[in-house]
């Protein structure tokens, strides 16, 4: 057991999975000699050699497309896209092939690959380095869309993603790559894909969040507890898609009040789906309109305004108060 | 005034806009000599010459990227992507540049271009020829996402799209390209982008649909009227994004019961956003859970099962009955 | 020091062995025994007749849109004949002749063309990918398979097919470059059939040959007469050998012609002259090979007639089997299969809801019948 | 008939005019007057010092991540010097020297680097696109602008910059091919600075030169010493001339070196040796041009010192202006501007909601201060 940042935890997952299974290989831009621009793949080249840690040419489409080919041939590639904002160069590979190869071949050829990429704002980065467009991938049948919220879940979810028989788009919340450390056990740990986690218990309202925003939701929950004795249930989504809404329904039925948080643009964002599912399955339990705290429908502004753009605890608290104020 | 199919109506829009404005040019695969694989651009090459009707190499990314360049240089390009399933080859151009050039340059360079593409199932086509993934574009700030539902709206909306100062992704419901004719006036006609149309009046429940699905919603409305004297308000969305929810809220507040229809996969689809907006703005008027009738979260099956895949009037009627059965 | 021409390490060659007049260049004639030659001919003929039958079925509304292969049989069979069974074939959407050679059951192809996902199932053990429709997008997969094969120490080689139009797509270039960098054992077979739907080869690109596009990635490129199965076979054989011995990828441009429609939704009279087609009819690979075999007394009219019957029997049997199968495949719920390894709960819920709806309708329909 | 080498219509040339030892090839020396030569030098020096100042500001936390241009000034200034003002420049993210030459205000560049969208505003009238970060994705825009310019009958030429890494992206290939087919007046300037972050040129592609990638699209390609401003200028001049006279596009590979960091987030010691950098320091374009001018008695130490002061004054003035501007730019609501020509109602609602929230906080903050 030792205290690790998310970067270190992800590195541990990769190292151990590569150690345990020769079929696991890593490829992408600058993942080898450089160890990845965020150092997530640091040390892997030395440990496993250039056959297994491939510094590829600068070409996202073939990185993803070749990963699919490798998967068909029996490997378990973990491709890195340097920032999620560049994954669109491979969008046709993801939508048209990675998501469909199992289906098209009726299970004969599968795509047990992972496409990792840092996403999200908050690190004073350049344009295209701060997006949060998980909805694109969540709306794509055949893909799984996973987002961890801390070092320990990052490690466990990445291990599960690598072992998963289906392709996983793995978004890493770069704002918390090194923001804090957590105990991450040295021994193997996995976390099932497709299962949200309840990370705080409360009966007064429900927060659903994921990635870096989970921490702002938790901060809001603490503020509410301290300032008005209101206890929030907080759910860490972990898997955005396929969305398992069971735990959310359960919580919503208990609290009757729900606030959803993400840093993706509001309109047509992931929270909309959760609202729709709640309306379909828990309508009569809702005591107030489900609230969404999200980024506005704009492009992430350059970094001088990115904190204003991002939902923060104060906005979440405000939405919660409004939701709580509704008389049932 | 004459009776036209949607293909003919779109052709009329292009011809008249090209006639009226030298800046309007058409480009894409097979749009010239061949007149487009659906014949939407038929006759334009003869009328306007190859400078203005460009048969491009087979390369979607540069088709869209060069269109942006042309727009920056003062043209109003109308690019055709042969099927929406191939637009992902240009997804990075759409997301990273077309949607952002105005914003990035602070209004100095703009992108008054249209990217037309047929979409949707129902024509017994091959894989990748039947998708309905408007949500990808709707979730992209900076783009407008427009979908007509018949010859007349197709013509009027395309004219508006070409004149619009912003980039429009224009989805053409190929299932109704030639399914019926409508009076389409010879003289100029536009339809404002960003305004849903109320196409049937009723006070008992609200249907929201667009594209080919509108007609199935209308059919369902007629069935309900005939069989149980229930009158549905039917709204044709026309512009999926930016979503103007005003008319939907108005209708929902009147009827209290809403059924949303689209052929996109259900989860994270456009209807989810409408549910979320209704919950945010009309929660207390809702007398029953808002219902979604959508395609399942699967890849469009090959054509032997595509009609089973598509929402049809019977499924819409069933959803409406369920919604109506809820006691307020 | 100043201005000088750079010596490029690679040039581009042209190869033809059996020309359209039937003249043979013995020097380059590959070493093939009679059995092999006859097998090539049979596959070409079967492919040709199957293609014709598909067109007929499509015109009768019994199957959907498909892309005829007519005219390109030598490019495909000459190429795949250079492979071993465990080598991989990554097709685009027009590789019927290659599929026939590789033993993909006609029944499956028919099912596929009739709109049944079940037709896409690749028989267990076969190293052939399903049809890929988005142009050029299958090329990266071939590169990845090749990398994987080499990584695992197997000596499998991968052959990927695509058209002249595909060379304009980024995926083609990214793939040949990636393969060049990692020395992947892959053979890129470009079937330059002169047209990408309505766009002629000369308007697709200003490069003199498509083979020279290999220079861009520093990989060898060769242009061959794609209607000459021997030229294709020689080039493919060299490329396969190079790949298998660890010397990396090759780009082969087969100069051929699409004698038929782009797809059954296409009307070539919009964009090309009958004369051009007639010129290429004279270069048709099937009579060319057939004439060669007749010249060598390996085939006579009687044998051809017999073969025609055999082939047509095979096709009809496949169509019967496919028709029977279709009659059984009446449950649309298969659309919920194979999207993920396991159906997530929400998808299972959707399946159940729809299944209920479908069975309600079936009952409704049955009920009406009984009244 | 059979196997023969195909005669390709184009070859690839190498050009160098002023070498690293200061030797000049008079034959190819372009015709430049003293004023022009001094203007080049001034722009190079300004760019170099500005780059250094940016690095300093970044290290002090006053601006964000940026991509230093150090070492590539000749490639950029030699190239844009061949343009007229109304010609277009389409940069990637490292074209500070080109921007300086083109008269993009330093203040704007500073604002941009400090994280203000306002810094991306291109001054009215300038035909320079804003910085484009996704590698190679700006190349199609250049092609479209060029097509548009030709379509409108103007004789504007477009010059687009990108790196060695960019040649691996599909967008590069699709663009040169498209430009080749339509004969667009565009000059593709590839700054081969030997590295794409940590990937060396030799691992980016197996092609001997990047210039030869033009062959793939049938367009001319030339490789020049990118640290020799005269060689770059000659090649760019020829390409611009060709484009302007309707003869279509050219690809120029400038062989240069990134002497500094990839970006300020990068640590080159992870992937390259100091020795390599030192070797290239010896080829640095700034001393090379400066030496040439001193040799010709166009510059002496005194003049250089004066120039250094002038340049540094200009940079400081820009930083002061930018700092003042930043102090005023305190309303985050600008994030709602320019997304669409008009704000849609829902976006306006979002803006109002957030604006209320922000002003509540400002008041809150003010309130706290007063307590």
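As written, the chains take the letters A, B, C and D, and residue 1 is the first residue of each chain.
By definition in this document, a contact is a pair of C-beta atoms (placed from the backbone, for glycine too) under 8 Å apart; a residue touches a chain by one contact, two chains touch by 3 or more.
Note that the structure is predicted; figures quoted are calculated from it, not measured.
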Furthest chain, CA centroid comparison against chain D: C
Of B-C and B-D, pair with higher C-beta contact tally: B-D
Cα-centroid distance, chain A relative to chain B, in whole angstrom: 30
Chain C and chain D, separation of their C-alpha mean positions in angstrom: 44
Rounded Å distance, chain B centre to chain D centre (Cα mean): 39
Centre-to-centre distance between chain C and chain B (centres being mean Cα positions), rounded to whole Å: 35
Where chain D touches two or more other chains at once, by residue number: 117, 120, 134, 137, 168-171, 174, 177-178, 181, 203-205, 339, 346-347
Multi-chain contact sites of chain B, meaning residues that touch two or more partners: 57, 59, 61, 85-86, 89, 92, 96, 103-104, 127-128, 141-142, 242-243, 267, 297-299
Residue ranges of chain A in contact with chain C within the complex: 25, 51, 54, 56-57, 59, 61-62, 64-75, 77, 92-93, 96-97, 102-110, 141-142, 144, 164-166, 194, 242-246, 277
Residue ranges of chain A in contact with chain D within the complex: 29-30, 32-35, 37, 55, 57-61, 85-86, 89, 124-129, 266-267, 296-299, 301-306, 308-309, 314-315, 318
Residue ranges of chain D touching chain A (in the complex, touch as defined): 64-65, 93, 112, 114-117, 119-120, 131, 133-137, 165-166, 168-170, 196-199, 203-205, 265-266, 270-271, 326, 329, 332, 334-336, 339, 346-347, 350-351, 354, 357-358, 361
Chain C residues within the chain A interface of the complex: 88, 117-118, 120-122, 124, 129-130, 132, 134, 137-149, 151-152, 170-171, 174-175, 177-178, 181-182, 337-341, 344-347
Touch list for chain A against partner chain B, complex: 85-86, 88-89, 91-92, 95-96, 99-100, 103-104, 127-128, 133, 135-136, 138-142, 241-243, 264-265, 267-273, 275-276, 279-280, 283, 286, 288-292, 297-299
